[in-house]
C-alpha cells in the first residue's frame, strides 16, 4: 500500500431530504466533504496511508471536519486551524425529472483565504508516493493558482507522482481562466482526470474524431500529445436519464491503450455527490497497486457505483467490499 | 399579472410514510390542501394576486390553514372562520404495484355545512380577472349545487372569466347527479378542465372518434358543441405504470386547435396529490398571461411534473423555476 | 376457515435505513420475524385461527415478540418463555446495484438451545388442520433435526396436514446435511415449498428437462416421484434486476398439474424480507379454503407482491385487500 | 384473575411533538385510546381476561384500533364495525407553564351514533366479574344515557360488579345534565371513581368538612350516604406545578376506611393522558385480587405514576413491573 | 391596531437537537430569525399591520425568509433581494448545567453589506405608528451606524414613534463603540429596551442605588435624566438556574413609575432564542393599544414566557392566547 | 501529555427513545461503548496518546467499533478482529421516577471468549505511562481473571502505572468472587476507583467511621492500609432524586489527603451511561498532567457532569471545554 497526500478545501454540505424543497425544509442533513478529501477517504478505505492537508476554522465545525476524517483513518496532522469560516453549500436534492440545485456559500473560507503555503512542505511530502489535487483549488483565487503551481512543483521535486482532477466548476472561474491555468499545470502532472468537454472547452483541442473512433479515446490521445508527461487519463461517461437514474461507464487511457468498464445502471441514486471522487479513488488505488488496466477501470467504476448507494460525500467501502460487489453482480441478499 | 379568486374546501390530509400501512403508523404527515386552494397557490407562486375563499373552524387547525395559505402570499381575507370542524382525510401512500388508499372523513366540515354565501360577493369579485372553482364543491350537498350556480352567475356578472375543473369524485355523488349539475353550470364557464371520461360518463357524449382521430381532441370538440361559451378545454393524460411511475402528457384545446405537451416520465413519484391542480394552475397562468397555446401546455405540464417531485398538495415552483426546468431537461446538477 | 399451527424461531431484525451503511447507522429499525411466524401472521390476517409455537427469553424482547404476534391475533399460548436470549440479525438494506448484507447473531437463542419438545403436543395439535414448519429449524442443531422429525410425526398422527418450506440457509448447514435430513422428513409432508435449486443441490435430482419443458414443472414432477406423499409443490421464480427491482412469478403444482401466476414487477421494493413467507401464507390459505389452483397461485403471488411494499417481515393485508389488489391492477388512487 | 368487560368510545389522538404548536406541526403522533379501553388494557397487562366492547368504522382506522387492543391481549370480539367515522382529537402537548390544549373532533363517530345496544348482552356479560364504564359514554347523547342505564342494569342482573368512573367532561354536557344522570346510575354502582369536585358540583353535596377533617374522606363519606350501594370510592389528588411537573396522591375509601398512597413527584411528565385510567386499572386489579386496601392504593398510584413516563394513552406495565417499581424507589439503573 | 415597521438583519439559525454536540450532529434544525423580525412577527400575531424591512440574497434561502415572514402575515414588500449571502449561525443547544454555544457565520451578508438605504423611506414610513430597530444593526459596520441614525431621523420626521432595543452583542463591537453610538441615537428614541448592564457598561452611568432602592428602577431613572425624550424603558430580569430552568420577571418604567410582572418559572426551557424579542413585542403591543402599565408588563412577560415553550425564534401566540395563559395559570389541560 | 493504554470489552448499546418502552420501540439508538474505551476516548479528547486494546468480530459491527474509536483519535492498532460476535445490551431509558432497565446480551462475545492474551504485550506496553482497566474484564470468565492478572503484572514490569476501576457488576459475578479477585489484583494497582460499597461488600472492610468522620475518606484510608501500593483513590457520590435528576460530587484521596468537588445538580440528565468513565478519564488526566489535587477533582467532576448532557457513552469535551465550563458556571449563552 502507498502513502498519499491529498490537499484541497473541505466544506459543510446541507442537503434537503428527498421530496422537500429548501424553502420548506425545517431540518437539513449535514455532511462534510470536498473532492480531495473524498478521494483521500476512499484511498484510506482501500488500505493506503493518507494525509489530508487543508485549513478549517478553530471551532466546532472545524473539529467536526477533523473527526469526520479521522473516522476513516485519514491523518489530520496537516489540517490547519484558523481563519474565519468553513465554506458551506446547500443542496436541494433532485428526484426524477427535477435536478438537484446548489447554492454555494463558500466565499471567505479559511482555506480560500490562505495566501501562503502554511504547511511544512518537506514534511508534508516526505516519502509520499502520490500527491492528489484538483482544479477546484486554483479556481478559488488568483493567489491559489500560484500556490497550486508551487505545491505541484515542490511535490514533484520531492519525488511524488502528481495526480490532478480537472474538476471544472463554472461558478468559480471562466473557461478561459481555467484553460490558461491548466496549460501551465498539466506539464507537471502524471495522472489526469479530464473528459471530452475539458479537452474541447478548456484545453482548446479542435481536432474531432472520425465517426468510427471512440471519442473519449480520441481526446485522451490529443491531450497526451499536448501534455506528454501525463501517463494516465481517466474519467466517467454518465448518461443522465433523470436525477434518480443514471448510467455510468468508466474510461481509462494508459500506455497508449484505452479501456472501458461495463456500464452500471444506477437506479435509484441515493446521493450522487462524491461519485466522481470515488471513481478517482478507485483509479489511483489501482495505479498504486499496479493492477492491470482493465482491473483498474472495473474496480474504479464499481467503487463509483457503490458511492451512489450511500448518503454523504465519501465512499464507505473497503477494497474487499468493492471486489465482492464486482464479483457478485446486482442486488441479491447473501444469507 | 392578473387578479384571481379561487373558492372551495380545504382539508387536512394525513399521509403515511412510504412503506407503512395506516394501521401500523405511529406518526402521520399533516398537509393542508384542496383543489382550488392548490390552484390558488400555484397562481400566487407565478406572480398573480390571489384570493382564496373558504370557511374553516375557529381553532388551531383553521389557523394552520390560514398560515399555510399566507406563506405563499395567498390573500385570506375571505377565509371565514366558524362551523364545526375541518374536513380531513387519510392517505395510505402507494408504492410500486400497490396503489394509494384514501379514507375520507370530511362530512360536517365548516365549509360543507355552509348554507348561504357568507362572503360579500361584490367585494370578493371586485376587479377580479378570473374566478376558479371545481366540481368538488357542488358535490358536497344539494345546497352547495345551488350556491355554486349563484357564485358563478354573480362572478360572471362582475366581469370575471369563469374557470371550472370538473374533478369528478365518485365517493361524493353519482355520475347522474354530477352530469345533471354540469349541464347547468357549463353554460357559464369560459375555461373548463374535463377529460374523455367526463365527456362520456357525465356529459353523455355518445359520438366516438374514428381510428385516426385524436380521441381527446375529438371529445373537446364535442363538448364545445354542447357548451359553446367554453373557450378552452384542458386536461392531462396519465399512463399509470405503477404508483411510483406514471407518464404524463398535457392536452389543450383553444380556438378550435388542439395542443399537446411532450410526455413526462414521472419516476419516482414523491406525491401525486395536487398534480392536476398544478396543471390547472399552469394553464390558467398561461391564459392570464396570454401565452402562445403551445407554450401554455408545455408550461402547465412541466408545472404538473414538478409537483410530483415534492411532498404536499401544492406546487412550490415559481414561473422562473418552471421555465428553467423546461429549458434544462432532466436531472442534471447545476454547479 | 382453518386452524393452523406454525412453529419455529422468531428473531429481532435490525435494519439500516435505506442509503446508510451499518457502520454509520446511529439508529436501527427493529422488526420481529421468522419464516414460520410470518406465515402464521399471514394466515391470521386471512381469517384463520393460528397458533405460533416457539420459545423466547423472559425479558422485554420476549414480551415484544408476544405483543407483535398478538397484534395480528396470532395465539401465543404456546410461546414459551425461558432460555438465554433472543436471536438477532443485522440487515444492511440494499439499494439499486448494491445487495443487502446480513450479519447473523443468532447462536445460543432460547429456541435454538431447546433440547426437548417442551410443549404439550396433544394439546398443541388438538383439532389442528395444518402444521407448518420450515427447514430453518432442523438447521439449528442436530438435536433440532431429531425434534423436527418427532414433531412432524406427532402432528401427522394427530391428523394435521404437514406443510414444509425447505428454506435452505447455507450459513446454517451444508447442502449435504440438509439433503440428508430432507430425505427423511419429506416422506411425512403434504405440502412442500421447494424450488429447482433445492431439487438439484439438496435432493440430488440429476434428470434435466428438455428444452421445451417448463423447468419448474419438470423438477416438481421429479420430486413427486421421490416423495409420493407430497400433494402440492410451490415456489416463486424471482428475476433480480437490482436490489430495488425484481420480477416475481408464483408457481404451483397440484394433482399433476402445473400453474403459474402472472409476473409482478416489484419496483421499487420497500422490504424483501418475508416475501417468500407471504407467498407461502397465500398458498396455504388457498389450500385451506379449497380454492381453484389458478386462483391459489394468483392470490399467493399477489400477497407476496404486496409484502414487498411494506416495511417489516410480515404481510399486513387481509384476504379482501389481496383480492381487491388482484382485481384493481397497478397503482391507481381510489377516491 | 378475573374476567372483565369495559365499554366505551375509543378515539384517535393526534399529538404534537413537545415544543411544537399545532399550527406549525408537519407531523403528528397517532395514538388510540379511550378511558374504558385504557382501563381494559391495564387490567389485561395485570393478567385479567378483558373484553373491550365498542364500535369503530369498517376501515383502516377501525382496524388499527383492533390491532392496538389485541396487542395487549384485550379481546375484541365485541368490537363492532360500522358507522361513519372514528372520533379524533388533537392534543397540543403542554410543557412547563404552558398547558396542553385540546381540539375535539369526535361528533358523529360510529360509537356516539349508536342508538341501540348492538351487542348480545347475555353473551357479553357471561361469567363476567366486573363491568367498567365511565361518564363519558352517557355524555355523548341523550340516547346514550338511556343505553348506559340499560347496560348497567343488565350487567348487574347478570351478576357483574359495576365499576363507574364519573370522568366529567365539561365540553360534552353541563354539570346539571351530568348530575341528573349520575343520580340515576349511581344506585347501580359498586365501585365509583369520583372526587371532591364531582361531589360538590355534580352530586350537589353541600355539607363541608371541618378544618381538621380530610376533605376527600369527608366527601366520600357524604356520597356513601346518598348512594349506599357503592362499596368503594377512589380518585387521585393532583397538584399541578406545571404541565411538566405534577404531584400525585391516590385516595381510596373502602368499608368505611380511608387510605392514601405516598405522594409521587411526576417530573418530567412524558404524557399525562390516560394517567387516571391507569389509576383506575390499578384499583380494580386490587379489588379483583382482593388485595389489602393500603396495598391497592399503593399499587394503583404507582401504576398511574408509571403511565406518566410513557407516550400513549395506555399503561404498559405488568403487575410484576409495578410491584418492582414500588419496591425499588426512584430512578436507579439495575445492572 | 397600529401600523409598525421593524428593520434589521434576519439570519438562518442551525440548531442541534438537545443532547447532541455540533460535532456529532448529522442533521440540524433550520430556523429563520432576527431580533427585529421576531418583534415584527409578535406584533403581527397580536393583530397589528407589520412591515419588515431587510435585505436577503436572491436564492432559495432568501425565499425561505420571505415565506417565513408571510406565514405570520408580515408584509415583505420592503424585503429587498440581492447581495451575496444570508447570514447564518450555529447554536449548540444547552441543557442543564451546560450552556448553549454559538458560532456566528454572518460576515458578508446581504444586509450587513448594504451601504445605502435602498428603500424608498417616504413610502416605508408612510402612516406608520411605530418604527422598531435594535443595536445589532449599527454593530454590523461603521456604515450601518450612519445609516441607522439616518433611518431614525427620517422615521421621526415622518411622525413615527421610535422604539430601540439596545441588544448589545459583544462579538460585534466593543462597549466603547456601542456606548459612543448609543449616546447619539438615544436622543431620537421614544421607547427603549435597556437593562442595568447597559446603563453601567455602555452609557457610563456611575451613580449607584441605595440598598433599599429597586436597582432596575434606579437605572431607568438615571437613563431618563440623560435621555429625556425616552418615555418608556423596559427589560427583563433573568435568573439562570441552568440552561433548562430560568426565572423571568419583566420590568417597565413609564411616566415616572416602575412596574414589575410576576416571576415566571421557565422549566424546562424548549428554546430561549427570541425570548427577549417576544417580550419587546408584548410591550410594544401594550403601548400601541394604550393598555395600563401593569397590564402591559404582565402581558409582555407572559408572551416572553410562552416563547420559551416553542422551538424557533418567533413567538407563535395570539393576543387572545397570551391573555388566556395569563388568566389560566400554569399547566392544566382544558378538556 | 502522556501515553495511555486502556483494555476491555466494547459493546453495542441499543437505547430506546425517552418515553418509549422497549416492547413498543420500532427503532433503537445504537451507541458503541465500554468502560475502558470510554476512559480512553476521554483521555484522547484531553490530548493524550491513547491505545485501546480489545477484540471485535470481523464484520460491520466490529468495523463500526473501530471507526467510533478512530473518530476520537484513539489508536486501534491493538483492536483485534475475530471471534463470534459483538456483545450487545438493551437500555430502556429511564425518566422521572422510572429507572432505566437493562437487558444484557453479551455472552459469547469475541472479547469474552478470548483465552490467551493475543496482543504482543511488549509492543502494547512500550513506553506507556498508564495502563487502565476495570473489574468488568475479570468478571467475564475465570480465564479472564488469570489473564487480567497477567496483564497487570506485565504492564507493571514494563513500567506502566496501573489504574483500576472496580466497577462491580452484580449480573456478572458474585460479591465473593469479585472480592477474592480484587484482593489479588489490588496489590499491583497505583490508582484505584472504588467506593464505600466496594470497601464494605467486596473488600470486607468491617471498620466503621465515627459520626463526625467523612465516610468516604474513612474507607479510602482503610483500603490504603490493606493495599499500600495504591497511591490514589477516587469515586463519585451520587444522590439519585430521579432518573432525570441526580446530584454528583467527586471525591479523591491522594497522599493521605481527601478532596471533594462542588456538587453538580444534573437536571435533566440526557444519558447517564459513561458518566463514571468520564470521571475516571478526568482524574487520570489530572494525574498524568500532575495537576493539584483540588484541580483534579474539580476537573474530573465537571467532565462527568458534562457527559450527562450528551447522548452516547463517551465524553465529547476537550480539556479547554471542561475548563471553560468550570469557569463559566451554569447555563448562560455566550453570544
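Which chain is which? They are A, B, C, D, E and F, in the order written, and residues in each are numbered from 1.
Note that a residue touches a chain if its C-beta (ideal position, glycine included) is under 8 Å from a C-beta of that chain, and two chains touch if they have at least 3 such contacts.
On a predicted model such as this, the values are computed, not experimentally measured, just so you know.
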_Contacts common to chain B and chain C (chain labels)_ = A, D
*Which groups of chains are still linked by touch once chain C is set aside?*
one piece
_Maximum centroid distance from chain C, chain identifier (CA atoms)_ = E
*Indicate whether more than half of the residue numbers at the chain B-chain E interface occur in both copies; give same if so and different if not.*
same
*Cα superposition of chain A onto chain C: how big is the rotation, rounded to the nearest 5°?*
120
_Using only Cα atoms to place each chain's centre, name the chain farthest from chain A._
D
_Distance between chain A and chain E based on Cα centroids, please, to the nearest Å._
45
*From the C-alpha centre of chain A to that of chain D, how far is it in Å?*
63
_By the touch rule stated above, which residues of chain A touch at least two different other chains?_
21, 23-24, 26, 67, 101, 268
*For this structure, give each pair of chains that are touching.*
A-B, A-C, A-E, A-F, B-C, B-D, B-E, C-D, C-F, D-E, D-F, E-F
*Where on chain E is chain A touching in the complex?*
14, 21-31, 59-61, 63-64, 67, 84-86, 88, 90, 92, 101, 103, 105, 107-108
*What residues of chain E sit close enough to touch chain D in their complex?*
264-271, 305-306, 308-312, 316, 325, 328, 330-335
*Note which residues of chain F are touching chain D in the complex, please.*
18-21, 23-24, 94-102, 104, 169-171, 240-246, 268, 272
*asked:* Under the stated contact criterion, what part of chain B meets chain E in this complex?
replied: 67, 70-73
